[in-house]
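Labels run A, B, C and D following the written order; every chain starts at residue 1.
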């Protein structure tokens, strides 16, 4: 990753009117944003299917499962990457957040492990957690809703 | 054989790989970007997982996301298809470091053959004819000028790391050489982060003839005869056929044997293609080796009856390549048209958007590879090819008649496609006589020819 | 070659003939009933003309309307396809009397082979093995009983003019013979206006093996190997394949040679099929000759690479049949599934109506012949076949895998189709082992097996 | 054609709720009808394309041509068979009918020649001719509108 790549990505964002690009590659982590922070409501598109708890499913058990229930009024904190969801910094600690907690854009809400790297995921929105949609150690897709938030 | 592999690509080639998996009884896990969510071909995979946003950089080019997907779905191998990460040696190495097999050649031979200068060296060593030129990087404009006057104009400026025509310039005299040298280097810098250039003799009115190869790690390498891809527009292939109408049986043998020698010298395995330029006297010159499955591979599948994608997977799974060279026949004539969502009338501007009606051709001798269907939306984020239309008939003339028939049956609306161009091509005397070169399409069907009637 | 021919049929076979015309550079004139107005395949013809109402009697069976259409469109020949008037010797004669060539055999050989008793006589004369039985009409119940006890039960009662199973009865003892003889005659009377019956030995657990023939008026006749059509339901074929998994190479030779002998003895030309029953010991018995192109002809086209419909037209136009027997190879394995708009869950009740979504399979080794598309309405007036799905692969096992893949890709909604039955067939051990007989489907997939899960 | 065929055709009509079957075969001519006489308005389906005047068009000239203009209020006398339309009993005679003429169901309106046989076509409806849609010696399809009629 050098400045050239960043330039390309920015061009790409402008050309395609993307509001956010986030890339995690080995050690490198890049987050680009344009305009207001992305807040996708279920009206803007069906949420991704939620993978099952087992991060390495048996060949017989497909990853896809019925999507988590969502309501039009909610907004979501979505997974910015494919990986494994962890609700707490370590098995002995309490979860980063629970239903009813207020979050600020920079509040860390969970960890997602990808390629042996644990990534702190921030809320990116301001509001109150209404539901937790992913369970600890669950495999998650890109764009998958992790938390429902009543914005404020 | 593998139980489960990840298909690290999209569109028709993802579907092609999923089909090969079904035929082999292997579970295919598809990955998709937000732009491809809901595409029908994803339902044909054992499972599908979203790996990123619309931009290739965040999804199909995102090695970390793809490997994360591979980890959580517990696959044993990754098939990269073509484009995106298919010829990225680093990605191949990353996969294998994660104990996930990369379905393709070794990272070493990818690196070796991915570098034009190194590849040309190897070609010479293995007695594969090359175009006269700098046998290494050209450091300066002046060096380029000296070399050019030595081998004679016209000459080609090429980027060592190049591809897709970027960093390439044809120059016919010293003045234009000097003026193009600098911007070719700049373009190469931007495109490949490597400004190394080299210079070689320009083969005029060249035919593009490429040889399909299969090999296994034990060193057993066979060719599956050639494809002629002379019908191109701006270095993008439009029509591919086998056998080549341009070469004699004798040249065919020589060019195929040369390709096999080169592959052996490179310790090459899996599927690959060795590209050549052929002039009017049937002299052929090595161009490059593509270390991936190619868009036009079905042309070879039709004339040989060999399933190339299945063999890629088998070889990656450790199966020995059972094909014997003398058993591989080139039967009949096969032709492929690439149907792109582009408007020929508007200088081939991409024409993305929803397809309301799609009627696909069928019947005798027709093969269609497409991920599109009535109701599918052609995404603006990726390349514009929506279908590969192929015919296979006993003779080239019959194949051309069948392609005309199939093109007439093919209906796509409301988006624009390249079908009208293909229909003109298949009526043109020069193509019917089988004497066209890589400049034919641009000379004959330039913007002027598309003036509204 | 003809300039222009009339396609006197509808649906997929009309489209198949139109495709052959396009490949030959012949103008095809389509005819259609009011029910078929607006069907897409009509747009692929040079022109289309409405000849009657929905009922076959007023359109596709209406010889006068078809010949009037032929006159006003100035065609030189008529292709009858299959069904409707295809095996009507009188119609063939009418065409030729109007100086319009009938694309098929001579009216004489149609009459000769159309009559089971006469055909069997000819078979014996040409040393083609026949099932022991009455070598002519059986006048009375008592005569039938005497004959049956002589050749031994079980025996088959058949209508001399029969077809499609009407007027046919299998009886296992004298009592059932006596009880069925009378109503078999009545049924034959109704169906064919000819109550002539004959009796022959019933071959138990028979395989249906048929030999594809091509001949020209000069007497040059070749076979294009066999098709196995043992998967049937109520005498309707469901799946056809070539080669037959039931017979040895030696039997294959013998049965194909026998078919050629019979065709020569009948002075047969154009395309035709000689049907045999084969028992477990590979004894084969002549059944009948079909004097038309058959639904399942693409199976043979795939394994031989010969275009049968083009040859029918060429032969009718006076071209000599250039194929040499020793050049006709049977390459790889091909299988066809007939996709019918019928509901297996409801005892195969027809399921006509509009098709909202149709996704056709594609990719390696797949051929689809269909006149249907998203938006097409399956008419209740005609037979329920909406598509022929074929695969061609190097081996039978690979063909079966490819057919499974293609069946999984094939999506039709909201109408019901036989696809679920085909999917069961392609998982059934007996079929995979290639040991099924013509009773297999009804024994194995009777109504009971379709109880809602 | 014997009584058995007629029976089959009748069954067919009942099974498929057809209101009319007409068959012309060599010398034989059969007309079967159920319920009220068939009167198809242009709302009930687009009219057939009208073949050009030339009954034996050159290979270059396709038979199909733009359909005759029709209006929703009109009903049509349609061709019961494929053939060649003749507006008069012979070249020297006036046309059977012209615009403005009243027709009864059994009024002969034209001849259609098929297989060398000249068939008298009856109006089958009661009303006034508003337009003549076929021209003399023109090839016509089955079901093609020949005359527009204002019913009464």
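Points to keep in mind about this one:
In the analysis below, a residue touches a chain if its C-beta (ideal position, glycine included) is under 8 Å from a C-beta of that chain, and two chains touch if they have at least 3 such contacts.
All figures in this text were calculated on a predicted structure; none of them were measured in a lab.
Averaged Cα coordinates give subunit A a centre that lies 59 Å from the centre of subunit C. Averaging Cα coordinates per chain places subunit C and subunit D 36 Å apart. Of all residues in subunit C, none touches two or more other chains. In subunit D, no position touches at least two other chains. With chains as nodes and touching pairs as edges, the resulting graph is an open line.
Which chains touch which is summed up as A-B, B-C, C-D. Against subunit A, the residues of subunit B that register as touching in their complex are 3-4, 27, 29, 34, 37, 46-55, 57-59, 62-65, 67-69, 71-74, 190, 193, 380-381.
Residues of subunit C touching subunit B in their complex: 15-16, 19-20, 22-25, 40, 44, 298, 301, 305, 307, 309, 331-332, 357-360, 362-370, 373-375, 394, 398, 401-402, 404-405, 408-409. By the touch criterion given at the top, residues 2, 4-5, 8-9, 12-13, 16, 18, 20-26, 45, 48, 51, 55-57, 59, 62-64, 81-84, 114-115, 139, 141-144 of subunit A touch subunit B in their complex.
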